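All chains are identified by letter, namely A, B and C, in their written order; residue positions are counted from 1 within each chain.
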Amino acid sequence: MKVIKIDKKDWADGLAKLSGGYRLFGPVKDKEFHNFKELDNGELPDFDFSNTKLSAKSMVFPQAEAMFKYSLDENEADHHIMKEAEKDYSPRAAIGIRPCDAAAFLLVKKNFDTPEYKDPYWINAYEASVFVGLACNNPCSTCFCTSAGCGPFHEDGLDVLLADAGDYFLAKVITDKGEKLLQAAGWNTEADAGEDQIETLKKEAEAKITASVNTDGLKDKITTELYDAPFWEDVAFACLNCGTCTYVCPTCWCFDIQDETHGTSGIRMKTWDSCMYPLFTLHGSGHNPRGTKVHRVRQRFMHKLKYYVDKYGDGIQCVGCGRCIRLCPVNIDIRKVCELMNSYEPADAACQVA
Amino acid sequence: MQNPYLPYPVRIDEIITETEDKNLKTFKFVFLNPEDEKKFAYKSGQFGELSVTGKGEIPIGIASSPTEKGFVKFTVNKVGLVSSFLHTMKVGDIMGIRGPLGNWYPWETMEGKNVVIIGGGFAFTTLRSSIIYMLDPANRSKFKDIHVIYGARSPGMLLYRDELAEWEKRDDINMHITVDGTDDPDWKYNVGFVPTITEQKAPSSDGETYAIICGPPIMIKFTQPVLDNLGYSHDQIIMSLENRMKCGIGMCGRCNIGKEFVCKDGPVFTLAELNNTPKEY
Amino acid sequence: MVGYTDKIREISERLLKEGTVDMVIGFRQGSMPMMNEPCFAKRPEDVEKLTWDSNCGINLANYLTDRKEKIGVIAKGCDSRNIVTHIIENKIKRDQLVIIGVPCKGMIDRRKITSMFETEILSVAEEDGKVIVKTGDAEKILEKEEVLQKNCAVCIHRNPVIYDELAADLVEEQKDIDRYADIREIEAMSPEDKWNYFDDLLSACVRCYACRNACPLCYCPTCFVDESQPQWVGKTTDPIDTKTFHFLRAYHCAGRCTDCGACERACPVGINMRTLTKKLEKDCFEYYGWEAGLTLDARPPLDAYKPDDPEDFIK
């Protein structure tokens, strides 16, 4: 595969050229930490970060997004009828998305792009996007991507992989979309032995990863047995049932649909929701099938580490970015829960109880 | 790309207050664009999302039958924000419907079999659809004996009372209507809870009978052992679940029981299937 | 404070062995530097996991709400004040509790320490009032006094106000502390500056509700932001809705907040929402001479009516 060398002194110029044809998104420092958002005109992505506080999912799946607009004014034609909200699906480019966040889109795609139904908002935004990944030279202690089907130089889901090599970036061209973007930026110098250089950096980065999870046993567990495992009370005890883990997660896709009316006009929106919230599953009757904290914590982990595994058969619904570990206010650690689930044997539990 | 979130515009054509507590109303909707009715081709057991503009959507089982043309009917219990507002709406008002959504009762599998319908309270809506469907002259011969056990708290809480009376008169359907209690001296049907009446009236299974159950959890809990005793295997007990839903298309993540979504993989499941999932409904 | 662990385990083991309590609620060692995880011990042998250090900032009163068991609970000064509030507000009964008091010397500010280092912190240890921080390439020793959580730095109730057992000798309370310097600064701002300040303060909020859920006062069965009939607040991160949430939540805590700092500690995006609750705490102190959770014998000022209420503040 072709590898382009981008001198860092040509970086800003190239991005300026790109901004003519793409809406640019990237990591930006906001007070104390980095977030992934649309760049202002002339703003450069800031690559001095380990990972953004929230994942890059909002680029395709915003926290609140208008789907339809409506009028309640009976004097207007088409009152009370939902009409498509205006959308901008012009090309957009993620500059410096971490490989884990890009890979996460592939997992989430399975939810929004199904044989029976297609979510046009997610799919259109995703298809309008070009993903220029920034490889992780220095993964964190909480990164367990290499055992979650991903990695610091992982290429699936990316169109270009950038590796920081000091004075220059090495840009590995992964797709035609990526190649087109590099050409549009005017970056076209092929690097000498580019693939070898990237391979060296990749090995160094992977060697720095210390955290891991075992997931090999998950698919053979019986769902109802795992569900009834005795460890959930202990796992869930500390949980505050805030939505932090789900909001920062690149693979959490759950959402709500809400109408918001101002005066006689309004919009119907998709907004992020969280399985941590009691309201998520509360029936109109007052009955709640996931009425306790234990139910809700179990749902989050069972979804990521069992239901998803069984439904799609290609691993866990997690890319190992470690955000939920770092940002959980009470230190609930998915690595520990995954280990409990992966190694659970009902017979053991019987002994334990006795 | 077809937008699965976009409701078909409909007009409320008729509103019938069904029960004495006035908490259940049946809404008859007519599609504003006639071609939408064709797109909304459904089977008994499916549901739709009723879209009340400015308030939101609610998933409701379709009470009309695919054999009834020119309209769709939904019976709505007044409980939350959307359903309460819907209850204040008038004939002629404009709103929306998305669907049809979810799966349906296994009509192909049940062909040539006896069907026992067991319903309680306001969960009788898709069962009405099913009865109308099976009794349609084009379909009746596909099924053997049909039994219906339907109970409510009191006579005034039964849905579709005129139709129940009509079905009572027919000889191609065995009706067992019951109420928990009544002081009406003219009440000529059963008194007793649904599980008890099921025990007394339902045919035992010879492997040729399917039971469809819809009702409150407590009714289901006590009816299931009765069916076990009558010899029904768990893949011949069909249940329709309810869970909180938003998208109705298996994406928003809230209605799952294990890896199955009640909205998309259900709402109809066999008891055998449910035995393998967490009981989160 | 590290030495408290042995005593906590000893007391907990005794309470569980004697059957005085069904469970002890405390902290266990976290999987990250400067993080501990609230946990319970139900069997005497489980007490080995209990630990104590300067990373136990989560308020354990939050874990008592509506519980039915007999509970031993580890309580530092602020936790004990929230336990008092919980008892007054009927969220737990006094006779259900064995309070294991922890005279506290303050929790360290994870966010502040993290921001002092360029690279990731791999371990943090404590010794004699020092905090030893290691990163991949450096080690630095900090004075604990310099890196306390902001609420701990101005805390004047480090000792538990109510307890049945003590994990250590009582500590000397901090004196001559100016608790409200930051609040006076905001009070002095023009209305426009104040508004801009609040805009900026809350701009990063993602409405995850970690602050609300970490707060022992926020136990409403349905929070006003979750009500749908009527819906008081929109569900997005619209700035007005976000501010409505934070302002109203703060008001709901007036006269009840102990400035335990759990809200700020829990916030994933580093919002200093104590600014709001502390203003109300200050007002309650100045207008009513009230500090929340110091006694079981008086109800919070907004919960009580007195004919001689001065009401000066609304003139």
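One rule holds for everything that comes next: contacts are C-beta pairs under 8 Å (C-beta built on N, C-alpha and C of every residue); 3 or more make two chains touch, one makes a residue touch a chain.
Nothing here was measured: the structure is a model prediction, and the numbers come from that model.
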item	value
Chain at maximum distance from subunit C, centres defined as averaged CA atoms	B
Higher-contact pair (C-beta pairs counted), A-B versus A-C	A-B
Distance from subunit C to subunit B - Cα centre to Cα centre, in angstrom	50
Computed distance of Cα centres, subunit B from subunit A, in Å	39
Gap in Å, rounded to a whole number, between the CA centres of subunit C and subunit A	31
Residues of subunit B whose C-beta touches two or more other chains	80
Residues of subunit A engaged with two or more neighbouring chains	256, 258
List of subunit C residues in touch with subunit B within their complex	228-229, 231
Residue ranges of subunit B in contact with subunit C within the complex	80-81, 84
Touching residues on subunit C, where the partner in the complex is subunit A	30-32, 35-40, 58, 62-63, 111, 115, 119-120, 122, 204, 206-210, 212-214, 226, 234-238, 265-270
Complex contact set, residues of subunit B against subunit A	1-7, 9, 32, 51, 53-58, 77, 79-80, 83, 93-96, 217, 242-244, 246-247, 249-259, 264, 276-281
Sites on subunit A touched by subunit B in the complex	67-68, 70, 72, 79-82, 84, 111-112, 114, 116-120, 123-124, 223-224, 227, 253-259, 261, 266, 268, 273, 275, 280-285, 287, 289-290, 295, 299, 302-303, 306-308, 310-311
